[in-house]
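Per-chain numbering from 1; labels A, B, C and D assigned in written order.
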Amino acid sequence: MADLQGFMLPRSPEGRASIVPAPPWHYSGDVLTIEYRTDPANVAALLPAGVGLADDDPGAVAVIWADWQSCSEGGEELVDPVRSQYKECFVVVRCTHRGETYSRCVYIWVDKDFALARGWYQGYPKKMGSIWMTRPVNVGRAGPRLQAGGRLGATLAANDRRLAEARLTLEAPSDTAGFVNALPMLHSRWMPAIDPASAASLDQLVTMRSLDVEVGPAWTGEPALRLFDAPGDELSALEPVEMIAGYWRQVGATFAGGQTVD
Amino acid sequence: MADLQGFMLPRSPEGRASIVPAPPWHYSGDVLTIEYRTDPANVAALLPAGVGLADDDPGAVAVIWADWQSCSEGGEELVDPVRSQYKECFVVVRCTHRGETYSRCVYIWVDKDFALARGWYQGYPKKMGSIWMTRPVNVGRAGPRLQAGGRLGATLAANDRRLAEARLTLEAPSDTAGFVNALPMLHSRWMPAIDPASAASLDQLVTMRSLDVEVGPAWTGEPALRLFDAPGDELSALEPVEMIAGYWRQVGATFAGGQTVD
Amino acid sequence: MADLQGFMLPRSPEGRASIVPAPPWHYSGDVLTIEYRTDPANVAALLPAGVGLADDDPGAVAVIWADWQSCSEGGEELVDPVRSQYKECFVVVRCTHRGETYSRCVYIWVDKDFALARGWYQGYPKKMGSIWMTRPVNVGRAGPRLQAGGRLGATLAANDRRLAEARLTLEAPSDTAGFVNALPMLHSRWMPAIDPASAASLDQLVTMRSLDVEVGPAWTGEPALRLFDAPGDELSALEPVEMIAGYWRQVGATFAGGQTVD
Amino acid sequence: MADLQGFMLPRSPEGRASIVPAPPWHYSGDVLTIEYRTDPANVAALLPAGVGLADDDPGAVAVIWADWQSCSEGGEELVDPVRSQYKECFVVVRCTHRGETYSRCVYIWVDKDFALARGWYQGYPKKMGSIWMTRPVNVGRAGPRLQAGGRLGATLAANDRRLAEARLTLEAPSDTAGFVNALPMLHSRWMPAIDPASAASLDQLVTMRSLDVEVGPAWTGEPALRLFDAPGDELSALEPVEMIAGYWRQVGATFAGGQTVD
């Protein structure tokens, strides 16, 4: 009996069937970030036992849309782009654990299965959704330019319901693209026991950070955000009390693994 | 800090955000099964260490298409059918472990995220695909009747490539709907460590069986099957050497958990 | 230069490329109908010049979900079901023209391109949408039985927004499945001139009726309906004032062409 | 009875329900072109009566992938990008009519309904498909740069079958982006009669050209193309005999209508 191969399921004789190849995973894409404040109690309600609110600006939330191209080390997926391109919308808060402050993704939707699998591996709690974001353009009249006055929109839907809509009107170049998603991540990996009455089979706190981050020029502007109710989601509980800012930037990064956190 | 709720990710204040509610999970649907023999070495190559070929007919394979409606105990998903209906195509072989003979799903594709998550929980190695199967009809000319001569087709695609096509021409009522997927399942649950250099965080052999199985009349007939190559799949390695039979039947069942296998 | 072949676009050397084969077209499927009354002015606002409100119950509207299997005369699509199955949601009113009373489809969404093309040919003003409807089941716990108390749901979304939701709680067998969609259709076929300043290139009133209609037992019950706003739709203007009834029935029918109406 | 409003179907009280707003339509996007020669008889077989092969290089074919953002005059779709972004793959040949040489789109697939409707209006014989193309990137390792050696891929699928795959390895800047799709278009608008035995209701030769064309820097390189058989398509009959070249360029353009051709 030869050993089964492959980084994730399904494991197979050659390892080619895995829903995603092994890391490192490379990413290049456009990222639109909307930052705002909600009642810090809404953030606290999303933190697991032993994890606390950030000391500074504890109610800060980032809702982030990204349009990615991604690949594993060989890069073969790049010329079969159905296997390399995906879009996502995710929600990040900050938190503290044993004296360190982290970013933490609390909700996230993607539109490809390989991206969902990477997320479950990394502790990003991914579900499938339909994600769209305006692209700045260089030619023609069908899109904003990356300049003051450029208007971008972004939307998220799941199960045929719209869950979120954002608008960003560009105002000026920016030195940053926000502070909420800027720290190492503190994520929970979770798999219940096959006997539902038993303790979880996987209940792990992990941390990770991006490598080889390369960014393009950032723009900031006037943000707007609407969140909508849906029976299978609690996103709308993170209701905005005060908008902070919005950003757009191109980002490249590599993920090569993380560590468990005691 | 209140504890997070929810059976699976994302865990949330109310537990409504979980990609799927807790078991029990109920299923009602149409199931088309194609059984054939491949070289037993192709089956052996898909079994993990410690698991062996079935003594009897070790090269037998079932490729199964199912069009399901499913729900959790409350059944609320049933009136929001985007959250209860899904289709799947899966491949089952038999195997032995410590003297017991089991069925084992080695590849499976579904078209909804809640179904994918249930599969990862149960050790079904689910990926997303596009699945279609002919429905027998009771009125009109746009479909076969459940009677001799009725012709059904079923297809599977993933990443914009067709992976499998089946045909079934009904011949006669049947007492069974095949033998390959008829045993308790022996599945592997698998999650690599967040540090890719470390041993897997979850590497578990589990078993489960359906409860409260209710079936409609079964039909059997002449099967045909074609499997196609794709860069991210190894399905076509399970090439048919000899067809056994095909079946169609309506099935209802409940899943309420399983057990780990030492 | 050999003549191009094919019933619709694209026309090609063999005629196989046409988005849909020539009629006759056969249909077999499940149909869920919600009938209600809106302000008759809302119906009148959807009728073209020369077409008037029905004398009797002029504000009656039917919103209909259907889950179809369909094929052309040869029936080859039936064993490649991605090309034969589709779902639709459509809105029907009644109207009068030259002393005759007709049914008229004013809005309709489908989820396959071949169905959209058939609709444009027939004067059904089809757009793409995501349509789901509960299926009654015969086995298992994941669905209603066709009996009193059975609860069915149906939804429509387009452009990632939910546009309509219906519920039907079955009460009793019924001799009919509604009256709004029961007459010959009076449809408008419309194509603007390639010079947008000129009169339309196709502006035609047509009528058609189904052939060889075969129906299964009908059930009636308590209906509920919600319509939602969206920027690219006016469906929600047809707001319900009074519910009439709901129905579920299996329907088979054939379309073989229609006639222009002077 | 107020007149119905709206450029295309469905026509409605306010005109908002039209599957697409009235022209002008603006486009900004990325365009990847593969040019090659097939047997000129394959091109001739796709030309309607009265239209002949181009005198020069009559077997030249362009298969073009485009990733567009588009909008109508107001531009409101741009901030609801599910209604403005789409991808397409189309096949263009050249032809002559009454002494003029034209480009002509013979096959085309898009992934949004508003784009399909625009095509039917313009004589582009659009069907729905799944289209993907690699994006050049400016940051990170997940994509080619716009420079020599950059590798791009593009794919087309319809009805769960892959129909075409292209590769382009960039070599050098280019003054052009090909010659096959560079002329005014000569298209056929076609709608059969509602009585299938009658002559077509719309059978019109039209021409159009893009306005306000704005292009970014073009790149050329080594092309590769594979076309695959499918039961509902004849694309693979246009088999490549000799590759010409490949191109990538950003394009902006406006469509504001065309003219009929006698």
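Some points to look at:
The rule we apply is simple: a residue touches a chain if its C-beta (ideal position, glycine included) is under 8 Å from a C-beta of that chain, and two chains touch if they have at least 3 such contacts.
Since this is a predicted model, take the numbers as computed values, not measurements.
Remark: among chain pairs B-D and C-D, C-D carries the greater number of C-beta contacts. Rotation relating chain B to chain C, from a C-alpha superposition: 180°, rounded in steps of 5. Spacing of chain C relative to chain D, judged by their CA centroids, is 30 angstrom. Chain centres here are Cα averages; for chain B and chain D they lie 40 Å apart. In chain B, the positions touching at least two other chains are 80, 82, 130, 132, 155, 160. By the touch rule above, chain D contacts chain B in their complex via residues 130, 132, 155, 157, 160-162. Only residues 1-4, 7-14, 16-17, 19, 22-23, 44-52, 76, 80, 82-83, 106-108, 112-113, 116, 120-123, 125-128, 159-160, 188-197, 201-202, 204, 206, 208, 231-235, 237, 256-260 of chain A touch chain B when the two sit together in their complex. Note for the complex: chain B touches chain C at residues 26-29, 68-71, 75, 78-82, 84-85, 130, 132-135, 137-144, 151-155, 165, 167, 212, 214-216, 250-254.
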